[in-house]
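Would you mind keeping the following structure in view while I ask a few things?
Per-chain numbering from 1; labels A, B and C assigned in written order.
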Amino acid sequence: MVAGQTGGVDAVPGGTAVSVVLETRGLVKRFGGIVATNDVSLQVAKGARHALIGPNGAGKTTLINLLTGVLEPTEGSVALDGEDITHLAAHRRVRRGLVRTFQINQLWGGLTPLESLALTVSVHAGTSGAWWRPIGGDARVAAECERLLATFRLLEVMDQPVASLAYGKRRLLEIATALACAPRVLLLDEPVAGVPEGERQEIFETLGGLPADVSVLLIEHDMDLVFNFATRVTVLVNGGVFAEGDVQAIASDPRVKAVYLGEREHA
Amino acid sequence: MSAVAASLRAGARWRWWELALLVVLVLSWFVLPSQSLLLNEIAILALFAVSLDLVLGYAGVVSLGHAAFFGFGAYAAALFAKDAMPDPLVGLAFAIAVSAALGGATSVLILRGTDLTRLMVTLGVASILYELANKLDWLTGGADGLQGVVMGPLLGRFEFDIAGRTACAYSLAVLIVAVLIARRVVHSPFGVSLKALRDNRLRATSVGLSVNARLAAVYTIAGAFGGAAGALLAQTTGFASLDVFDFHRSADVLLMLVIGGTGYLYGGIFGAIAFKLLQDLISAWTPQYWHFWLGLFLVVLVLVGRDRLIRPDRWWRGRPAASTPSLGAPP
Amino acid sequence: MLTLLFDGIAYGMLLFVLAVGLAVTLGLMNFVNLAHGAFAMAGGYITVLLMNRAGVPFLACLPIAFLGTALLGALLEPTLYRPMYAKPHLDQVLFSIGLVFMAVTAVDYVVGSMQQNIQLPDWLQGRFPIEFVGIGKYRLFIVVVCGLLTLVLQWVLSRTRFGSRLRAAVDDPRVAGGLGLDVNRIFLLTFAVGSGLAGLGGALGAEVLGLDPTFPLKFMIYFLIVVSVGGTSTITGPLLAALLLGIADVAGKYYVPKLGAFIVYSVMIVILMLRPQGLFARAGAR
């Protein structure tokens, strides 16, 4: 697991301020009469392992959609590396390094893992517009694909259509695709959702192996993963920030327990 | 070379049936000299259908007005031959250029909206061009069309003969070149990105692909190919009439493509061959009411299920036919 | 000028009656029925044949045209159309194009391709010469009949139980079905009535629009314009769109005959680009 990983907000020698790589200010999203996101001001530090938790319906995925540009906020702003990206098109945000994975796999069922990764790598190598060369002609793309396929244990299945892969493999591909985008900030939406117990370990390990300079915001329900992976936690309830702090503080916060467990309290 | 690199290259390799098809196309000119006019028509329709495949099979746009490009190219080539110079290749290049421009200009119209909106808009563009061709009769000859378009010799040497041998060779050559180009595009990163757009648009956006830019590009290319087909028609038959913009042209090419199969590039060719043979067969028996039987065929085809048709690419695929869209929740 | 306006209104109301069935079919079954014009043509030909061959008076032909085409729709809906609702739009388009081709050529074969003329009864011919406006009697008749039909439709939709069931089913068929509404019966009735109205429109329009076997193809785009610009979630949307279309077409052809229908098509494209859901659609409508 990833115990003792540096890069979190607290482990900074010399006491210098950690730079904020992704930030929202007063983010609000209303759908008709429903307030899905309620004045959320969130900061993700550079190199962070930051978890976003909350009961179902708290608005976690909506927040991710606002961050990535799938949804337009009603009020508030989003900034990446200090630059305001509130009205930037979704695909442009990806080009700037803000990449997400989806809770429900969004893959190209008709392509193979190799083709999917090759395309994604080409996009970020700037060659995805090339219409004259075959996609297999670029050695750098092939090398990068090989590296990703190996890291994510997809080499054996690289030529099978994605639609025929086991669910755990597809989840790995979902994360591999995000990494193929060379992200600076990675938003992981419930990476182990629906993955059978036996296949979760693979995913935990690959997440643990993520480069330290990639900042990660993780939405999760699996508390094992949260406590082992994250150093900072934000709790979202009814669309608003309920509590925030480092992982030990949140783990022992009785209010957080109450919000998750209702009135019953565990000893 | 690593297994990964090898596998990536394998995608662009020539399948045996692709080569066979090209050989058949080339041989047909030699082997069937008396059918030159028919072959010419088939080549032109095949090119037209391949251009629609780019729009329908690759960009996923249901267009009821693809004849817009066909007609535009036809009139452009005819006018060029009449008023500028009668050289066929230069005229073809001109028609391709202006049709591509039309494709680029109208591509903004297909980016937004629902299926119905796109249907309407494509139909609208073709109808507008029909009206313009009809009313601007000082330019287009109006309802009579542009007649007596005399072409110069091809490559300076080969005159267009009555039997249509030169015309047939010309059209087949253009078709083959177009398919070769299209093939390269389809196997390129751009081509794969089109497949990705069609397969799961959300995922495509989420890896940083600009949907609009790519759709516009493919629509422009489709416009170029469609215009080329129309130009060939005008040049090889010697006239251009309102019929090139007519709705039945858009409907016929749609059917051709559906018969042959969308999304694998060669469906247009197979479909054009099947369509033309079917048409000749039925028209010999009932010349005036061929569209009735065509309509019946369409109705039955759709009721029975489109996937039961010719799909040569599915016959020889090692892996199962993959046409599922985005994947959903865990099993 | 006012005459033009009046003519445009008459044309628009006629287009509305012709196209309203298509709007409801699209909104209800999410089915792109390009063959809608064939029902209109059927109504027109029923009227023409009854009047010219059997000497049936014009006014009597109108309800017969309505009922006849409604019956035709009621026959075709469960047999041919229903299996198509779940199919992708491309299949629906191919299917309805196939039907149009069949209808057009069949009529050509049976009746011939010449334009059909009907002799309007005397009291409908001529005009009322009122000040600056020459109001054609027949056009006035069309406006009155179509106006009444619109009011009846609006009343049925908002005041009757069938109307509320229909609106529920248009909003969300699965939920409606889950609530116990017999969605199939609603579809059948709606399709039949929509086709009947098209037939009635075809009968009324035979004199004004011209009737020949290519009618469904010629007017297909006009019906589609009414539906796509007007949206499918209200009755008033298509009504306004049809009126706009009627006036624009009549005015355009009068003032700029060189361009013909070019103006109408261009305006349609502009509108659809600015408001892809239709000019009058509710937000969130199909």
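One rule holds for everything that comes next: contacts are C-beta pairs under 8 Å (C-beta built on N, C-alpha and C of every residue); 3 or more make two chains touch, one makes a residue touch a chain.
All values reported here derive from a predicted model rather than from experimental measurement.
Touch-path distance (fewest steps) from chain A to chain B is 1.
Of all chains, the one whose mean C-alpha position sits at the greatest distance from that of chain C is A. Measuring from the average of all protein CA coordinates, the nearest chain centre is that of B.
Chain A and chain B have Cα centroids separated by 42 Å. Mean C-alpha position of chain A lies 52 Å from that of chain C. Each chain gets a centre from the mean of its Cα atoms; for chain B and chain C, those two points are 33 Å apart. Chain C contributes residues 26, 32, 80, 83-84, 87, 89-95, 97-106, 108-109, 217, 220-221, 224-225, 227-228, 258-262, 265-266, 268-269, 272-273, 276-277, 286 to its touches with chain B in the complex. The part of chain B that touches chain A in the complex is made up of residues 2-5, 7-12, 184-185, 187-193, 195-196, 199-200, 202-203, 205-211, 319-320, 322-331. The touching residues of chain A, counted against chain B in their complex, run 68, 70, 89-92, 94-95, 99-100, 102, 104-111, 114-116, 118-120, 122-124, 127-137, 139, 141-143, 145-146, 149, 155, 158-164, 167, 170, 177, 180-181, 193-195. By the touch criterion stated above, chain B contacts chain C in their complex at residues 56, 62, 64, 108-109, 112-117, 119-121, 123-125, 127-128, 131-132, 134-136, 247, 251, 254-255, 258, 288-289, 291-292, 294-299, 301-303, 306.
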